[in-house]
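What follows are several structures.
You will see chain A twice below: alongside chain B first, and alongside chain C after that.
Let's look at the complex of A and B:
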C-alpha cells in the first residue's frame, strides 16, 4: 500500500505501547490531553508532572527524543504567537530583563505553550506507535461514522500517489527553468494544481470502477477486527489515571 | 493556522466538537446526493488532493510564501457537502497523524475551516453566479470573491470561539483586528490562487467543476448528413 510519506510517521516496534489496540491508545491520549487542558495554569508543578508522565511513555515506546523534537516543530507558529502575548495583554506589569511585560500575558503565554506542547507530544506518540490503518480501525471502533473512516482511509492510501504526482510536476517545471519568485507567477503553479485536481478526480473514478468490479456495495469488509481486552484497557488507562491524580491535586491546591 | 490544545477552554471545545459532529453528519447525508455511492473513493481522493495542494507553497513577496486553505476551492470543484467532508477529514488526519491542531481543538478547527469557510464560500458563489453573466468570466469572478470571503469568515469563527472560551486576556477588539487584518491579506492570496486553479480546471475539464455545470453545453442529437 502506498503509504510511504505517512508511513514514515509510524515507527515500527514491539513495545507495550505499540501492542496496545489503537482504540485504547486514542481514548487514553485524548483523556490525557483533556485533563491537561483542564488543569489551572498557576499549578506549574502539575505540568512538570505531565511532562514526566509523557516522557515515561515516550521512553516505554522507544521513540528517540530527537524524532519527537523534530515533529514538534509544527507548533512553531503558536510559539511565535505566545511570545507576543506578554506585550499585548493589558494589566499589571513586571520588569523582566529591562522589558515591562504584563503578568497576565506571561501567564497566558505559559498556559498556551505548556498545554499545546503536551498535546503535540501526545499526538506524536499516537502516530509513532500506531500504524495509520489500524488507527483508522480504532476510530471506527470508537463509533466514528464508517463513511468518514472510509474517506480517511482512501485519503491516506492515495496521499502518497497524489504527492508523488505533485513532485513530478515540480521536477518537470524546474527542468524547464521555472522557479517561482513572486505572486505573478502563481498562474503556473495554479495550472499544476488544476491538473493535479483533474488527475485526482479521474483516479477516484477509476478506483471506484475497480471497486465496483470487485463487488463493492458501499461498505468495506472488515478483515481484522481489533477487539481490546479489559487488561489492555487497564494498561492504556494508566496514563490518564495518573494524569487525573495530578489534575485533581492541582485543583485542590489552587482552590 | 490550526488552533492547538489549551487555547480555548474545555467546555467551549466540547460544545464545538458537538457542532462539528452535527455539521459533518449533515454533510455525510448531503454528499450522498452529490456523489451517490461513489462518495468514499471520490471524497477520499479529493481529500488527498486538498491535503497535497496545502503543501504547494506559493511565493507571496520578499521570500515569504503562503499556501492554499482549500475550502472554497473544494466547494466550487466538488460541491459544498463533499467539500465539508474532505476538509474535515484532512483536519482529522492532520490532528491525529501530524500533531497539527490539538486533539481537543479538533471541533474548533473543523467548525472554522470546514463548517464556516465552505458554506460561506458556497453561498457567496451561488449568490454571485445568479447576478453575474453565465460565462467563464462570471464563474471566475464569483470564485474570486467566494474564496476571499471564506478566509476572514473562518477567522471570525475563531474570534467568536475566543470570545466564549479564550484562555488569555487579550482584549477582544485587539484579537479581532489582528486576526481580521492578517486574514484579509491571506484571503487575497487565497482568491488569486483559487481563481487561477478553477480557471485551469475550467479550461481543461469544465464538466468537473461542480459550481459551473450549467456552462457545459448539453449534448444534442442531430441527424447525420445523408451521404450514403
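Let's look at the complex of A and C:
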C-alpha cells in the first residue's frame, strides 16, 4: 500500500511555519481567508498586498513556488466559471481586445479569481507544513465536536485501505476482460461501487468490534495535547494581523 | 492458593439473529500459562466463540469466566481488559493514524495517561520488536509488521489471556516464524485459533477441536494431529508430507 493521496500534500520540513502548533495555523488560515473574502473587490491593490504576504509565508515555509503552482490546479474549475462570467452577465459593457464584455461580469470574475487563488494558496501552505495527524489534533484542540474529528481521523486511516480495495476490484474486473468504454457499461461500475460500499461498511463493523474489544466506550482518549505558547500564537497571527490592516484600509479607501 | 483458570466457558450456546445457530454448548477451560490451539473446519464456530470471550456477542446460553471473574453487564469492561483479542485482519485492528496512538488506545481507555501510558506503549512495542516504528502510520507497514503491532495493541492492556484469530494467515514463512518466536517469548496464557496445524503443534502443547459448534476433542496437540479418524471426521488435513509424530518437541 503506497503513499496515500492525503499524505502526499504534506512536505516534511523544519521551518518556523512547520513548527507552529497546528491549531494556531488553523486559526490564522481561517482568519486570513475571512478577511480576504470580506475585502471589497474594487480594492485591487489590497489583493496585491495579500499576495505579497502569502508569498512571504511560502518563502518562510520553504515551499518551492512550482509546487504551489502545481497544487493550485485544483482551482481550475472555478477559473473556468470565472472566465464565463464577463460573457454572460447582463449590464454595461466594455471593449477588451475587440470583445465587448460586461463590466459587472469582469469584476465578478476578478472577485472569484483573486479570492479563490488566495484561499487555495493559503490552504496549500497549511497542508504542506502540517502533518495530517497533527491537523486533527489541532481541530480537537479547537474544540471541534469529537465525533467530527473521529470521522476525519478514520478517513485519514482508511483512505488507503479503501483505495486499495477499489484498485483490486478494478484489476479483478479488467482481468476478466472488462473495459469501461461506453455508457452501457455504467451498470457494472455502479455494481462495483455498491460492492465497495458494502465492503467499507463491513470493515467499519469489524473495526468497531476491535475498538470495543479494547475498551472503547464512545469517546476517543485524548492522547497528545499540543499546547501553544503565547509566543507561538503571536507568530501565527502575524499573517491575519497584517491582512487585517490591509482589509481595514481597503474598507476605508473604497467607502 | 492455586490461581483460577484464565478462561472457563461452560455450556456456551449461541444463535445469530438470523436464526443460524453457531454454538451448541461449548465447554473449554484454559489454565493460567497454558497455550491452547483451537482447531476446526471453516464455519465450525471458532470466531463466534472468540467473540463471546470478551462479551462482544452475548445473549445465548452458558457462561464465561476470565481469571475467576464472571462475564456480566457490569464486568464487561474489566473482562475486555483481561481478554486480549487479536483479529484476523490487522487493518481492522489498527485504526489510529499512528502506531503509537494505536497501541495507546486500549490502556488510555483504561484511564492510563502520561509517562505510565508511555511506558506501557514502549514495552508492548518492544515485546513485538516494533519499537522503532512507533511514529509511523500503520498503513505504511508491511503486513507482518502490522500483525505484530496488532499483537502489541493487545499486550499493552496486560491481558490475562491472549486470543489470536488466525495469527499466521497471510504471513510469509519468515514473518510466521518471527511471530512464533514472539508468542513463545510471552509470559501469558494463549488461545490460538488456527488452520495452520504445524503452527499449532509448534506453539501449543494442547489443542481443542471445535466442530459443528461443540468441542469434539481436547488433548495434547500431537495426539490430536495423529488421530486420523478424528482428523478426517472433522475436515482437518495436515499439509502434504507433514508427519506430526516425527516433529521434535519444542
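Heads up, the rule we're going with is that the second predicted complex is superposed on the first by the 252 of 255 C-alpha atoms of A that agree within 3 Å, B and C clash if a C-alpha of one lies under 4 Å from a C-alpha of the other, contacts with A are read in each partner's own complex, and residues count from 1 in each chain.
As a working rule, a contact is a pair of C-beta atoms (placed from the backbone, for glycine too) under 8 Å apart; a residue touches a chain by one contact, two chains touch by 3 or more.
Nothing here was measured: the structure is a model prediction, and the numbers come from that model.
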Fit or clash - chain C, chain B, common chain A: fit
Angle, in degrees and to the nearest 10, that opens at chain A between the C-alpha centres of chain B and chain C: 70
Chain B versus chain C as contact partner of A:182, first or second or both or neither: first
Partner chain in contact with A:215 - chain B first, chain C second, else both or neither: second
First, second, both or neither for A:207, with chain B first and chain C second: both
Which superposed partner A:154 touches (first chain B, second chain C, both, neither): both
First (chain B), second (chain C), both or neither touched by A:133: second
First, second, both or neither for A:69, with chain B first and chain C second: neither
Chain touching more of chain A, residue-wise (chain B, chain C): B
Minimum distance between Cα atoms of chain B and chain C in the superposition (Å): 5
Doubly contacted chain A residues - partners chain C and chain B: 132, 153-154, 156-158, 161, 203, 207, 211, 217
Residues on chain C engaged by chain A in the complex (per definition of touch): 51, 54, 56, 77, 80-81, 83-85, 87, 89, 91-98, 101, 104-106, 108-110, 137-140, 153-154, 157
Of all residues in chain A, those that touch chain C in their complex: 1, 3-4, 7, 132-133, 136, 153-154, 156-158, 160-161, 203, 206-207, 209-217, 221, 223-224
Chain A-touching residues of chain B, taken from the complex the two chains share: 1, 4-7, 9-10, 13, 24-25, 28, 37-49, 51-53, 55-56, 58-61, 68, 77-78, 85-86, 88-90, 92-93, 95-100, 102-104, 167-171, 174, 189, 192-193, 196-201, 203-205, 208
Chain A to chain B touching residues, read off their complex: 6, 9, 29-30, 33-34, 36-38, 41, 71-72, 74-75, 77-78, 85, 88-91, 104-105, 108-109, 111-112, 114-116, 118-124, 126-127, 132, 135, 145, 147-148, 150-159, 161-163, 165-166, 180-183, 185-187, 189-198, 200-201, 203-205, 207-208, 211, 217-218, 220
